[in-house]
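What follows is a pair of complexes built around chain A, which joins chain B in one and chain C in the other.
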Partner chain A sequence: MSSIGTGYDLDVSEYSPEGKLFQVEYAHKAVESSGTAVGICCRDGVVLAVENIVTSKLYETNCNRRVFHIDRHIGMAASGLLPDARAVARHAREEAADYRQSHGEPMPLSELASRVSNLMHAYTMYSAVRPFGCGVLLAAFENGRPQLYGVEPSGVYYSYHGYAIGKAKQNARTEIEKLKLAELSAANGVKEAAKIIYSCHDEVKDKYFELDLSLTSAETAGRHVIVTGEQWTEASNYAKAALEEHDSDDDV
Partner chain B sequence: LFPLQFSSAMSASFYTKPANNGNAGVAMETSWDSNPGRQRTLQPITTGASVLAIKYNAGVIMVADTLGSYGSLAKFRSIPRVLRVNDATVAAASGDLADMQFLNTVVENHAIDEEIHEHGIAYSPASLHSWLTRVMYNRRSRINPLWNTYIVAGTEAGQPFLGYVNMLGVAFKEDCLATGFGSHLCLGLLREALDAAGGYAGLTEETATSALEACLRVLYYRDCRAYNQYQLANVPVAKPAQVSGPHFLQSDWSVAKLVKHYTE
Partner chain C sequence: MLADWTQQEVLTGTTIMAVEYNGGVVIGADSRTSSGTYVTNRTQDKLTPLTEYIYCCRSGSAADTQAIADHVRYYLDFSRISQGREPTVRYAAHVMQSILYNNRDNLSAAVIVAGWDEVNGGQVYCIPLGGLLVRQPMAAGGSGSTYIWGHLDAQFKPGMTDTECQEFVAKSVSLAIKRDGSSGGVCRLAVINRSGVQRRIIMHEDLPKSYDG
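On to the complex of A and B.
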């Protein structure tokens, strides 16, 4: 399944004879072994959700969120190494701040995605640094249009209607494809995203996880808002109920 | 070619532009030798007139007219001088409006910074007042002042807060404040209102608002650089800050006919 890159995987600046950059591929593996992050463009907003796997019950809840604010109007969800994700968030925040300062208006998401991609790509070109071990989903609701970009450790990025990265990305993407995004309201999207996270969560391998949810929509006036309180509980309960229903379907 | 930028790694502030030299975003140093075109502030150019503020039993109210004067020319008649920093803090400035807009941008950027970090800590009016004092004093100490007088109002630890900072870095807190001509013509009126109520705890929102309006009217009659369109900021202790405006001041100039040689 995985080709061993012996000898060609010590520097990210070294190609293998097959034309692979093994360090970048290993960075992808860091993302793939981390909790799933999901982004969904709904009719009137964008939802981000992350399966924030918690390794110890001793941690305070929400102490290590995997959803970040990048300026007021852009949200970022991350899968992979959290410190790397924080570094990406910090750079993104600087870019957004700089843009706001110079242009007198909030940074368009397409521009920010390009800058984040440039950054992550830059770290794949020099032997003195290593690639970022995280993938990020960037979301905004601009001029009435929901937007979602996904940037991977190689620096490649696309604009998506819906996307997932992390351990259960295949299952999650399949679930997203089943949704009718053009008709889905952001408020319902929050619940659907929670449901996808719960359904893709592997109970056996990772017992305990926190659901990080965020929303940028017409209702929030384009502001990126971390979902907490009643709305979070509602989404979480919806997801758990759907899971039980699914489980009971299996008992035939 | 190294893409590493860790200059701001230690601090949590991203909005340190335009002067990215770590001094909280405000240009402190001026190297005269390397920057011969750089000059010191000698005089304010486009100016704002008085700012008035008074505490009441459940908060603070602040007013400032919306005029930007270019010397004696009433040039810009719709300049907002009141800044809403966050739910608990507002600030307004008189003096040079370019300096005010510059400082307001820095303050707003700090506020955005705090919002996105979501650690639940936001600029309290006392901390903003303290920060402004340091900035203004430092600039005056370099003989390159920001030519403004700021009034900071809000809710601090559940109590109404009102603070003053001027271009010399002189700072104090009081129950009623005014800048410029307001301090000459209106401070007495505001203090009378407070005395009549036995302190701000006895002053209602309505009485405070009408006292400020009366003062604005006095200023419009007597201060040549005042205007009859203004913004009002109300920061109740228990509710978020609200900046409203523009409000229009009714004034009666019929007394002009009594002036000798006055022709319509």
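On to the complex of A and C.
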């Protein structure tokens, strides 16, 4: 046995005597060591934000986005292994397109979350595959109601008012809890989400990161859009300003 | 030598219609089923339930439309169980349309799907012979409809009340029953809204009166 493990982690579907599936737990670890992804349900929309850690200055900006379009009305943010997240996104897109074809209307997010969760769970059960090393947040603004789902590598999924996955998930969740989500507008939600990502970013461990933002709201007529340009700059500046203010408070 | 009606397909030579009002839909139909000139059934129910909130009005081959309605009902029942909520009217219309379109060379069926759902309220979808699907605030079909289009166009108002709408449908179907040889019998009505379906029959002698000349 090459590893120092107890030997219960050689097969995805093998239980340890404690009832744990080690491969699935390792997959969770892959998510926990990745940039934080945040999802917030606001009064009139849903915001997704990701701390997209950049490992080299040689990358072009925005070449490895961690927010994805799944359908016109559904967005996805991912934390964990990027190629795995892309595979999940591809699958989710196919599901959403199939649903449109067979139902003649956009896929409800609850349905998509269930399908994505089925896929991720299936990958914890067979020896020929490994669990997905990513967690995803799915967002939509359906019939005037903001919806957010989080799916984990084990296949567990819940519907949330606000959620965070990845490195600084604990901090981020605490920050989300402080927001008054029922009153927050999506436009301000974008800024708050950006602020949370900036405040959770660890400058010592990860020097550079890109802020990936996306939004689906009443203003975007229920369509999922990647936040760019002026709105992005505004959110990013707001986050930086809030952070500096916070730091100067510390000095006193 | 057999009588000619034994050789002819059983058709719902029909008048059917559906109208959206402010809160739901009203659907109506005559009750005649004929085979050539022979009236096979004078009390046919052409308003067929697909779910508790969605109905279809059938015209064309009685056999085809019954079989298709059964099929669509199966799909919608399945959808209710798997999604845990009532299917939307749009989905019902879409399932109906796919069946009609995919089998358009072998079917003789034109239907109106109408009902109510939580998302979009009362809706009327018209699916004529080839399998086209269009949402309309008002739709009419069957041989009888050709005699009343002028009346429908003149009298239809968007956003009618429940009672106004029932009167409009009853009057229109009655006019068609009078002029169309293949429509007749009683006028069946159904009102579909948030609280479900309410059905009515207007017996032949009680049909709204009009010029008898």
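Throughout what follows, the second predicted complex is superposed on the first by the 247 of 252 C-alpha atoms of A that agree within 3 Å, B and C clash if a C-alpha of one lies under 4 Å from a C-alpha of the other, contacts with A are read in each partner's own complex, and residues count from 1 in each chain.
In this text, contacts are C-beta pairs under 8 Å (C-beta built on N, C-alpha and C of every residue); 3 or more make two chains touch, one makes a residue touch a chain.
The structure displayed is predicted, hence computed values, not measured ones.
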item	value
Superposition on chain A - do chain B and chain C clash or fit	fit
Contacts of A:D98 with chain B and chain C, given as first, second, both or neither	first
Chain B versus chain C as contact partner of A:T6, first or second or both or neither	neither
First (chain B), second (chain C), both or neither touched by A:S248	neither
Angular separation of chain B and chain C about chain A, which is computed from CA centres of the superposed model and rounded to the nearest 10 °	40
Partner chain in contact with A:P108 - chain B first, chain C second, else both or neither	second
If touched residues of chain A are counted for chain B and for chain C, the larger one	B
Chain B versus chain C as contact partner of A:N143, first or second or both or neither	second
Gap in Å between nearest CA atoms once chain C and chain B share a frame through chain A	6
Touching both chain B and chain C, residues of chain A	102
Complex interface listing, chain A residues touching chain B	68-72, 90-91, 93-94, 96-98, 100-102, 119, 122-123, 126, 128-129, 226
Touching residues on chain B, where the partner in the complex is chain A	2-5, 8-9, 14-15, 17-18, 105, 109, 112-113, 115-118
Interfacial residue positions of chain A with respect to chain C in the complex	102-105, 108, 110-111, 143
Residue numbers on chain C that touch chain A, as the complex places them	83, 88, 90-91, 93-94, 97-98, 119, 133
